[in-house]
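The block underneath contains the structure these notes are about, expressed in structure tokens.
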Amino acid sequence: MRKALGLFAFLGFTLFLLAATMSLRPFGAPPHTEMDHYFITHAQEQASANNVVTSIVFDYRGFDTLGEATVLFTAVAGVLMVLRRKEVSS
Amino acid sequence: MNGNIIAINFPFIVVALLLALGFYTIGFKRNLIKVVIGVEILESAVNLFLIALGYVKGGYAPIYTLAPKKAVGNMVLPTPQALTLTSIVIGVAVSALMLAFAVNIYRHYGTLDVTRIRRLRG
Amino acid sequence: MMEHLPALMIAIPLFGAFTTPLLKKRQNIAAIWALIITVITFGLSLLLLQEVLSKGIIVYVFGANKPTLVLPSGYRVPVRIIFEIDAMGAFMALSATLMSFIGALYSYSHVEMETGLEKYYALLLLLEVGIIGMVLTGDLFNLFVFLEVAGIAGSALVGFRNYRGEASEAGIKYLMVSSVASLMVLFSIGLLYGQYGNLNMAYLSRQIHLDTVDMIALGLLFVSFAMKCGAVPMHYWVPDAYTEVPAGINPTLLVATYASLYALFRVSFSLFGAITWNMARVGWIMSILGVLTMFIGVTMALVQKDVKRLMSYHAISQTGYMLLGVGVGLTVLNDPAKLSAFGRAAMAGGIFHIINHIIYKSLLLMTAGALFYVTGTRNLNEMGGLARKMPYTTIAFIVGAAAISGLPPFNGFASKFLIYETSYQLNPLLAVFAMVTSVLTLASFVKVFASAFLGPPLEKYEEVREVPKPMVTAMIILAILCILFGLFPNVVLNKLIYPAVDALIKLAQYQSWGGLV
Amino acid sequence: MNFSALFWALQVLVGLGLIISATAAIRFKNLISAVIAMAVFSLILSLEFYILQAPDVAIAEAGVGACLTTAMYLLAIKNTTDEEVIE
Amino acid sequence: MTVVSLFMWALILLLFSAMLTLIRLLLGPTIPDRAVALDSMTTTTAGVMVLYGVITKQAVFIDVALVYAVLSYIATLYIARYLVRKRVGIACKCEGDGT
Amino acid sequence: MNFTLLSPSGFWDPVLWLIFLILFGIIGYIIYSRGNPSYKPNTEQVKPYLSGNVEPSKEKIMVRAGDIYWGFITALDEYYVALKRMHTGDLRDYILWYLGIGAIILFILVGGV
Amino acid sequence: MTTTIIKTTTRILASLILVFGAYIILHGHLTPGGGFQGGAVFASGLALLIVACEDEIVKKRFEKVPLSPLESIGALGFLGTALLGLMGYTFFKNVIANSGFIFGGKTPIGINPGYLNTGGTLAYMNIFVGMKVLAGLTSIVLIFFLLLGGKKDEW
């Protein structure tokens, strides 16, 4: 019973995922994106870096990277906290 | 026409199948570590989706160092790559924390069977 | 420095969180340091709210030459990450910082005896950072990143008591749910990026037109955020997580849940607000989810024996009120006559209920934590006769229980009042369900009060004394806020809630900041 | 053989490899085998990133997937048990 | 046949041999078989990466192959360490848990 | 400052409420002060008298939380059985409910009603 | 349990991997790679050192390494570099680029062989993020590894 209902839900959801990916634009032909054009043409002059991806990661969208570093920090703190040895001292 | 669309959108179809595999693992496998593997498959599928979105046919990597002459003005979109980098780091963080929880659960419950890890219910 | 306020809102708690693990040797100092940081952040959020209310939407562009330089020269699209703070976001930031402060104050005594406190406080601050980032940002991917920060920090805190197996179980459940939900959010962000080539919410909301891919993205975002905010029938993680987390984190974790609710509203109203004819359908989905949520939540709460679990089921049921109120508003969004007649008031009720519920549910969960602190158990069957021993906790509990049941003059009354009246005008059945839920809520809190506080004093609790001063202070502050908000609801509504409602309703205002149009 | 044909051949082969290795990671009863299959999955995924002109992401996936995730999984399994529950 | 076309055929051949190792990974009855399959597959794929970088004339792409070539050793070492601890040697009896 | 909250069918005024509170407080106090003055705490007087029997221990006479609303829960037994079956506590069910609700919502949005 | 072969290989390979990680971190703004990728490679090298030794040696060797403070310092440095932009500009403004400071050289527009002395704050951020990531990932692997030595009743 549980398995049948679960399979039904799973198949229904997957169907919509397939529909979404099928009706997306064709692979390899993105629309004219001004944002990416701006990055490619201005990265060397503004961020003075040859690697456009790094200039996005640390300059244009640097705030995301701060969030990313925060995520890693959080996870490390969480792992160290969950696996800490001593119990309560009471 | 239909077959043509499948041929063109092939990476996207792969992404959808991988998402389905990940959801199948999470929904129907009983081992906790298998469930974590399912989450990682989901993450990889979403990463692949982002990168496939950014690909331009015949484009070059968005790096100017020692690039071929044709690369100027013909680069793949760099934004999805930056997003994917962030997403990969988040994936590592999530799986590390999940494994820590799994180890701790094994210490206390003596099993990794999901159907027996349910003291909290009702 | 006023113009850099949005950046400082993130930078200061992050600084606090990064420095806290350095204080490994002296855990007391870590607690005090976290307290200082949360107080400063609270002050900053008050300043931010004042700025927003006096000047309108604040825009902050990260990495540009000037904070308000949205568009680069010669281009028509925003390229950098932009914070767009309207009254709704500032309101949520205010509740987040207030509750983190209360939580830090309460934790000072509540977890004093445990180890690993420097990580505890660092994670508390990181949870606050995640919430603030979620509610202030105007960029979709940034929303995802901070959603993950809040989710991971929250689940790590749920597993804080690692000597209990149940804590780890609840932690992995919460982490699994939040990571799957955020992955689907990322997938739909990818769909939107593939369609329109940008990530800014205001820009996207002007571009979106009706399309199969757009609708699937909307559905995925909707269901993911609904799961993260604990709507029935995707609410199973809520009781597990709220029960096992230390009571000092509960206020912040509540706000983290409602930050997802905020994201749900933001997606429905701002991002997809331009698709007009489909929104009534989304509004009905939201209202029906709300009714289901409040009814199933409260009936499950009635049979619980664990005091914190009972209160977490009430948290689910109160989330239903918010979904109902805002859903009623969303249903009539395209009908100006009905919107001014009752839609705006319904949304005000829903949003006012957010802060009310955060205040009184934190108060109640804190009293439950105080009961756990003195008795060492959470089972209601083993408690009894504690009213004489813990007078302050009893008073706080009475205030909270009256507030959650919607008795005047406590703060739950005003918002529930608005929701009943407005939902009655949309469909009388909705209001009936809301009132039945309220009655059942009162009934179940009578049960808790009778079994934990009343009755003859038991022998095994002879030694029990009132909880330490920081915990009492935190509870009393919240109780006073409860009474104040209940006595003067009009002031709060006019100063705080109606600007937030208007920020959600007026889509054109959100779309046109910084000369984008 | 021109570049376009090579690209499509690579796409098909790599896509098949991704799905096969993911299925293997799910189906293997022994968890160590599943982790090895995940390492292969990560390797093929990195190759796919590489082919789609994203060397930054490929390096990240390589550095994480080749060593660190495998190491974490193996150590976690070492701390618990390596047999999947037989259903 | 130009040089670039030659490289392309070499790439396809390498990928084909990687597929063969993938089959060994699927069938391999014991864990050491699978570990060896992973290792050889990593090396082959590093070769594929180098060839692809040469074909598209991008010199900086070689870094990725270097990372794989260097790091695959560590994963193998971790697996080997696990097998030593568990005493799962080559002499272990097959479990027959193929796909 | 105007403290009155007006809504479509009523109003809420804290000043009025405070006046009523004080009024009823005075009435209550008057009734209280006319009570029996012979009551004295901490004497034999306050002990329960159970027909001469010994007072049972506190643990026994306490009303337990599980006993409150027993009738209500028993009356709605079938509903609660269904509800309990929903709350399995199984990690995988959480995700499966998500998938199911997601499929339904996507069907309503995309498929159209 | 570790043999002489493994020890000898590790001695040669570990230094190579560490140098390679440092290269990826430092050349993040020129070639593929950056703080996170280099930090991951560096942490892999340290993981190799962890796995090639006995438990006691690992415990003794790593208890002197301040991994947690190193991570905090990396994160704080990243935040501080971002806060430099508040001097007249906004948060995350690249103030060092084209200023002539260390890493502040000008990049020629178009295809070039790549000069290390460019990048501005990008290079600093790469270094700090690399420090943070290597410390964080190593401490995750280390705590998973050291759990093996712990006895059950200690929990």
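Residue numbering begins at 1 within each chain, and the chains themselves are lettered A, B, C, D, E, F and G in the order written.
In this text, contacts are C-beta pairs under 8 Å (C-beta built on N, C-alpha and C of every residue); 3 or more make two chains touch, one makes a residue touch a chain.
Remember, predicted model here, so these are calculated numbers, not experimental data.
Participant: Relative to chain G, which chain has the most distant C-alpha mean position?
Facilitator: Result for the farthest chain: F.
Participant: What is the chain whose Cα centroid lies farthest from the Cα centroid of chain D?
Facilitator: F
Participant: Between chain D and chain G, what's the gap in Å when you average each chain's C-alpha atoms?
Facilitator: Between these chains, centre-to-centre, one finds 24 Å.
Participant: So how far apart, in whole Å, are chain A and chain G when each is placed at the average of its C-alpha atoms?
Facilitator: Their C-alpha centroids are separated by 21 Å.
Participant: How many Å are there between the centre of chain B and the centre of chain C, using C-alpha atoms for each centre?
Facilitator: Roughly 29 Å, centre to centre.
Participant: Counting only Cα atoms for the centres, state how far chain E is from chain F in Å.
Facilitator: About 64 Å separates the centre of chain E from that of chain F.
Participant: Going by the touch rule set out above, which residues of chain A reach two or more other chains?
Facilitator: Residues 6, 10, 13, 16, 19-20, 24, 30, 33, 35-36, 39, 44, 50-51, 53-54, 57, 59, 61-68, 70-76, 78-80, 82-83, 87.
Participant: In chain C, what residues contact two or more other chains?
Facilitator: Residues 14, 18, 21, 62-63, 141, 145, 148, 152, 155-156, 159, 162-163, 168, 171-173, 176, 180, 194, 199, 212, 216, 219, 240.
Participant: Which residues does chain E have that touch at least 2 chains other than itself?
Facilitator: 60-61, 63-64, 67, 71, 74, 78, 85
Participant: Report the complete set of touching chain pairs.
Facilitator: A-B, A-C, A-D, A-F, A-G, B-C, B-D, B-E, B-F, B-G, C-F, C-G, D-E, D-G, E-G
Participant: Once bound in the complex, which stretches of chain A touch chain D?
Facilitator: 51, 53-54
Participant: Taking the touch rule as given, give the residues of chain D at its contact with chain B in the complex, in rising order.
Facilitator: Residues in contact with chain B: 3, 8, 11-12, 15, 18-19, 22-23, 25-26, 31, 34-35, 38, 41-42, 45, 48-49, 52-57, 60-61, 64, 68-69, 72-73, 76-77, 79-81, 84-85, 87.
Participant: Spell out the part of chain F that touches chain A in their complex, as residue ranges.
Facilitator: 92-93, 96-97, 99-100, 102-104, 106-107, 110
Participant: Flag every residue of chain D that touches chain E in the complex, lowest number first.
Facilitator: Contact set of chain D toward chain E: 1, 3, 6, 9-10, 13, 17, 20-21, 23-24, 27-30, 32-33, 36-37, 39-40, 43-44, 46-47, 50-51, 55, 58-59, 62-63, 66-67, 70-71, 74-75, 77-78, 82.
Participant: Any idea which chain G residues touch chain D in the complex?
Facilitator: 24, 32-34, 36-37, 40-41, 43-44, 47, 51, 137, 140-141, 144-145, 147-148
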